[in-house]
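Have a look at the structure that comes next, please.
Order of writing sets the labels: A, B, C and D. Residues in every chain begin at 1.
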Amino acid sequence: MPQKKRLNVGLIGYGFMGKVHSNAYLQAPRFFDLPYQPVLKAVCARTPEKAKEFAANWGYESVESDWRALVRRADIDLIDIASPNDTHAEIAIAAAQAGKMVCCEKPLARSAAEARPMVEAVEKAGVANMVWYNYRRVPAVALLKKLLDEGRFGRIFHYRSQFLQDWTISQDLPQGGQALWRLDAAVAGSGVTGDLLAHNIDMALYLNGPITEVTAMTETFIKERKHNLTGKVAPVTIDDASAFLCRFENGSLAMFEATRYARGHKALFTLEINGERSSATWDLHDMHRLGYFDHRDPGEVRGWRSIHVSDGDQPYMGHWWVPGLQIGYEATFIHQLADFLIAAGGGKSIGPTFRDGLATDYVTDAVLKSARSRQWEKVEGQ
Amino acid sequence: MPQKKRLNVGLIGYGFMGKVHSNAYLQAPRFFDLPYQPVLKAVCARTPEKAKEFAANWGYESVESDWRALVRRADIDLIDIASPNDTHAEIAIAAAQAGKMVCCEKPLARSAAEARPMVEAVEKAGVANMVWYNYRRVPAVALLKKLLDEGRFGRIFHYRSQFLQDWTISQDLPQGGQALWRLDAAVAGSGVTGDLLAHNIDMALYLNGPITEVTAMTETFIKERKHNLTGKVAPVTIDDASAFLCRFENGSLAMFEATRYARGHKALFTLEINGERSSATWDLHDMHRLGYFDHRDPGEVRGWRSIHVSDGDQPYMGHWWVPGLQIGYEATFIHQLADFLIAAGGGKSIGPTFRDGLATDYVTDAVLKSARSRQWEKVEGQ
Amino acid sequence: MPQKKRLNVGLIGYGFMGKVHSNAYLQAPRFFDLPYQPVLKAVCARTPEKAKEFAANWGYESVESDWRALVRRADIDLIDIASPNDTHAEIAIAAAQAGKMVCCEKPLARSAAEARPMVEAVEKAGVANMVWYNYRRVPAVALLKKLLDEGRFGRIFHYRSQFLQDWTISQDLPQGGQALWRLDAAVAGSGVTGDLLAHNIDMALYLNGPITEVTAMTETFIKERKHNLTGKVAPVTIDDASAFLCRFENGSLAMFEATRYARGHKALFTLEINGERSSATWDLHDMHRLGYFDHRDPGEVRGWRSIHVSDGDQPYMGHWWVPGLQIGYEATFIHQLADFLIAAGGGKSIGPTFRDGLATDYVTDAVLKSARSRQWEKVEGQ
Amino acid sequence: MPQKKRLNVGLIGYGFMGKVHSNAYLQAPRFFDLPYQPVLKAVCARTPEKAKEFAANWGYESVESDWRALVRRADIDLIDIASPNDTHAEIAIAAAQAGKMVCCEKPLARSAAEARPMVEAVEKAGVANMVWYNYRRVPAVALLKKLLDEGRFGRIFHYRSQFLQDWTISQDLPQGGQALWRLDAAVAGSGVTGDLLAHNIDMALYLNGPITEVTAMTETFIKERKHNLTGKVAPVTIDDASAFLCRFENGSLAMFEATRYARGHKALFTLEINGERSSATWDLHDMHRLGYFDHRDPGEVRGWRSIHVSDGDQPYMGHWWVPGLQIGYEATFIHQLADFLIAAGGGKSIGPTFRDGLATDYVTDAVLKSARSRQWEKVEGQ
């Protein structure tokens, strides 16, 4: 085997996403043939003990407490941003200016206005960049994309997508601080719109093309919660639920919805697409299955197929086990990283790039604007 | 057994709905203990041969070709309107004025303006009346209603409902005439909004209470079709797809959608309701099953239950077979008729009454209005 | 319409099966074009009040309390036997000798020895005959039969079938008498072997051909129950559970099982068949769906199809509603009666005939024999 | 963090199982708090190039081509046997005699006679030992075990388990050699009985206790295949399909089946257990779901629950992601290794030990014997 080029990774953030990304750097080279060998060089976090513990568990060689120091390090090739949303822009721009590859958690930023300079920075610097919209790399979703690209669906009439959770229903749950910054709009930008709908939208843009206009509604079911930083009850600033109708450039109609108040659903990310000839469904709770209907099947045996996407001739699965055996959530990050490194090895970026992340932010901006204006709103930047 | 009172039925229309209603009059007394014995006295249709054939098959004693003649007959106790939507108002009002019980196919009329005098007529006449929104009487739906009424769900956050079909996708399908009047807005009032969404809305008002405001979009995917009455290609006047976001009086958010362009779905009427403690799902393609989630189950064994609604202690099922055995679509009409006749025997009307039918028309009016105005529209008449 | 020939029906038994058969005589001519118009001429039962009540509900013109008197009546064309198993042979033979058509509930008799003279009697008399193995006429099953006959499956490797119930688990349930004769071997012949497995076997013989040999086990989980006729606790004489392995003449291997001790299953009759190219599954709890897998589909979109058998081009469904709408359990009897009358109108019998019923009895005999002998046993009469 | 004790691993075999085991040694310490830090010290394989390539990918420090040399190495603490079945006994015994911990792929050996000395060896040496029956550590299965241990099911009546595959249907598939030794009885011991049924049996013994007697049938559908080692067509020596009925010591009845000729199923390992109060189902194609029915639920809302086993309070899942997100097949090996190392750290072995592996071999022996004798056969060694 030829010696692989070492790629020194500097990770910022050590929460849930830090864990998932670290796992991807370790696992990707064992299952995929990559032009780079990622090396876990440094992890950066404000609390040194936490960072050290994280580094020990995952094998990071060093620890930083100031992201600026990390970005300045000459021995770092790639900056991975897994810290809260309000930190993405500043870090990403600095990293790009320092000539690092940049991988950023989603959403790219709290708004399109904040995201736009990030895109400019990475494009000006010419550094490989991506946003961790990992669900594009679920094998069943990748298969669906392939089927769409083959023209099996014909004209598209409808698209639907939901992200349903139920973990914030209790009034007793506080908001804010390290554990719950997703419930604080100042840090997160918005509630479920940026946290969950952003996934639905990225996937939709990927599969069905640009969205032109939206009409939306949002709701905050629980109006006040104790804030973790102050210890005091304060108004809740995020949207607990967000839904919108929209039209795509290809003429199809769509409905999107995300909520953390759908009792019984843990992380039910769903999608359905209806075309002239074929339709498909997918959801995250059984993420290895693709629902597929083909009207060209003979009438009497026509039906929805449940495709167990685990065969070697299905996307990514030849790298894993044997037919019938599932892979986990973490594999979607491994796939994305593998695709990214292969593209980067050839001097290219692969979607979702920062520019793709910005496209999603334009849609979430339009959704939030429409919820306020109670009007149809055009999606900008298309 | 005591002698039952004979109830002479006059049916107007002999299409699909005429068949289903006739079956209900014959079957209801065999499975339910009713205060009346329905007698198929007369069927009315414009084409005498068709009416005679229909009468022979179902056992109607006589045939009429003019509905006015039928309504005038002293030996008719109940007028059942199963003719196209543009005929409902005139017939229903005349029947009420003649003192007959009136059962009318849904939607009650082409608009709330047309429906309002119908409500006034039956209420003024004091005649028993109902609209054939049959799906309330699916046993699984009736069970859901009972669970909601018992307070098992707590505060309601979300409601969703779809009616997905795929039978008009072909450009070759003509519009209008006897077979396809549902594709002609002059006769039907609207497209999927009145034909399909009306079912979703009636069910939602029944289960979740009044809707206050909506924002909607509609689309006509195929703009021109041959018209059966003229033989010429003419603009399509109906909505092929219709979707709306709305808010209910109880504070919950909802999404509704109906289309005849969802490839792979024949008659997929779905609903989901999410409450603080419980959630439920149901769909027409497996109409004997109720999905139910109860957060009060112990955490480690919490999951969605698939309730096979076929036991004697579940609604209506004690009248049928043994546990595990399904009933058909037609049973929903039998149940509705049985409930109606039992109520009528006690001098009462039972929902969905004409007034309930009007409430649905107010919502469909708001949906169509919003699709034109591109604004949120209040639902009138609440 | 031409005048149909009247066919006078005499029914023996008024229990669950009497109800289902009566419904079929009334409904079949409304949904199918038949050469006969069935007339509910007489119902026979030992208790006159029960018979009168049943006659009033279903519209029987007269009542008999002695089946011999019924069989002697010149105005009866068809004898329908819906009484307990121990009465089938004597009635059927007398009816055949009287030249009546004979429809008999399953199993044909308590043993093949008892059934053989019944077959001889109807064949000697040349009367149309059938056994009410109704599940062959589930549309999804009829579709499966058609697909098999078209050669879509290739060589068959495996067949599996279960009938799982849970209604006798309680120790408090008594045995015997009118309500629970199925728990009394003297009346029923056996327990689940004759009551449930007989359905599985008839279907298997129909779909997959003759069975050559079996090895079986049976169990009586609850050894003593109060007997309804004596009021005393007595040994339970039936098999509560019965399972067997077998080989078919076509070389395939199979497993069968029936039990009334499978908690959570009401009437879960299942089947699966695996062929070289295709496989299929079906179950009674969602009886309108056929699972179908076709290996000739392209690899990456290969999956199990869930076929919602409700379209006009699928077996029987053109006689009912519109695509997407289900039919009930009772429809299987209507279909069987319609097929029987159409065949009888042409002077023919159609399966399952008495001879087919005997074939099933040969298999259940072998199963019970093997459970005693603890040996593989050949199936006789093949 | 305290320094962990290093545990030097020597792996024998580099096929599919070598890959899965290696992954477990690398991943377990990142997700579980273990008393040992596994070190990938050496991999052993007959072909040095293959071994080097494997070592480079997984990070093994050294390579051996003779397992005896590996077993002799003082720097090896644990021998992991992932080579074909005919090598297990000799290696395991030598490893035990050398005082190493031993982890052996399943089945433990080609027969109980071959396995017995292995058990004696590890027990005499007092070394920690386990057999890689990984499916006990699927979180849904572990949850089921917990529910059973809590007494939720009451008396058990039935157990069923299948392992259905379809990858050997083609006549063109050869047998034997490195790639297909599972099709060669001399190497594998048997066909699906040892390869697949062994999984079903281990799980059943774990969940439902000892099996007392069996009656079985096996079949070889394709009688001759080209042999990879000779290049000549030769008789197929393995069983392609294997099925048996049995009784458990607890009085329950059971059916087991494994085949590689069930078209449409890739690796469909299923189980169902029916108790007096509760029932449960599980299958490998959706391995994160547990079906659970509890008769103590109120009648009208009783139904099968689909438990998405992905919450922190469900077995193992607190070590992974967040609720709603799946884990992969490989996680079952990680869990087993973690449990094994934790037990070994405390000086104990945890099931499935070699003794447990022997218990399964006794059952598979009885199955193969019964298939030949056509008799019920007692299970030895109980």
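Here is the rule we use: a contact is a pair of C-beta atoms (placed from the backbone, for glycine too) under 8 Å apart; a residue touches a chain by one contact, two chains touch by 3 or more.
Remember, it's a predicted structure, so these values are computed and weren't measured experimentally.
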Greatest separation from chain B - chain, by CA centre: D
Chain pair, B-D or C-D, that carries the greater number of C-beta contacts: C-D
Rounded Å distance between chain A and chain D, as computed from the means of their C-alpha atoms: 36
Intercentroid distance (Cα basis), chain D paired with chain B, Å: 55
Cα-centroid distance, chain C relative to chain D, in whole angstrom: 42
Where chain C touches two or more other chains at once, by residue number: 265, 304, 308, 311
Touching residues on chain A, where the partner in the complex is chain C: 143, 146-147, 290, 292, 294, 297, 299-308, 311, 313-314
Residues of chain A touching chain D in the complex: 1, 16, 20, 23, 26, 30, 53, 56-58, 165, 167, 265-268, 284-289, 308, 310-311, 320-331
Chain C contact footprint on chain D (complex, rising order): 157-158, 160, 164, 166, 169, 215-217, 219, 221, 241, 243-245, 247, 251, 253, 255, 257, 259, 261-265, 274-279, 293, 295, 304, 374-376
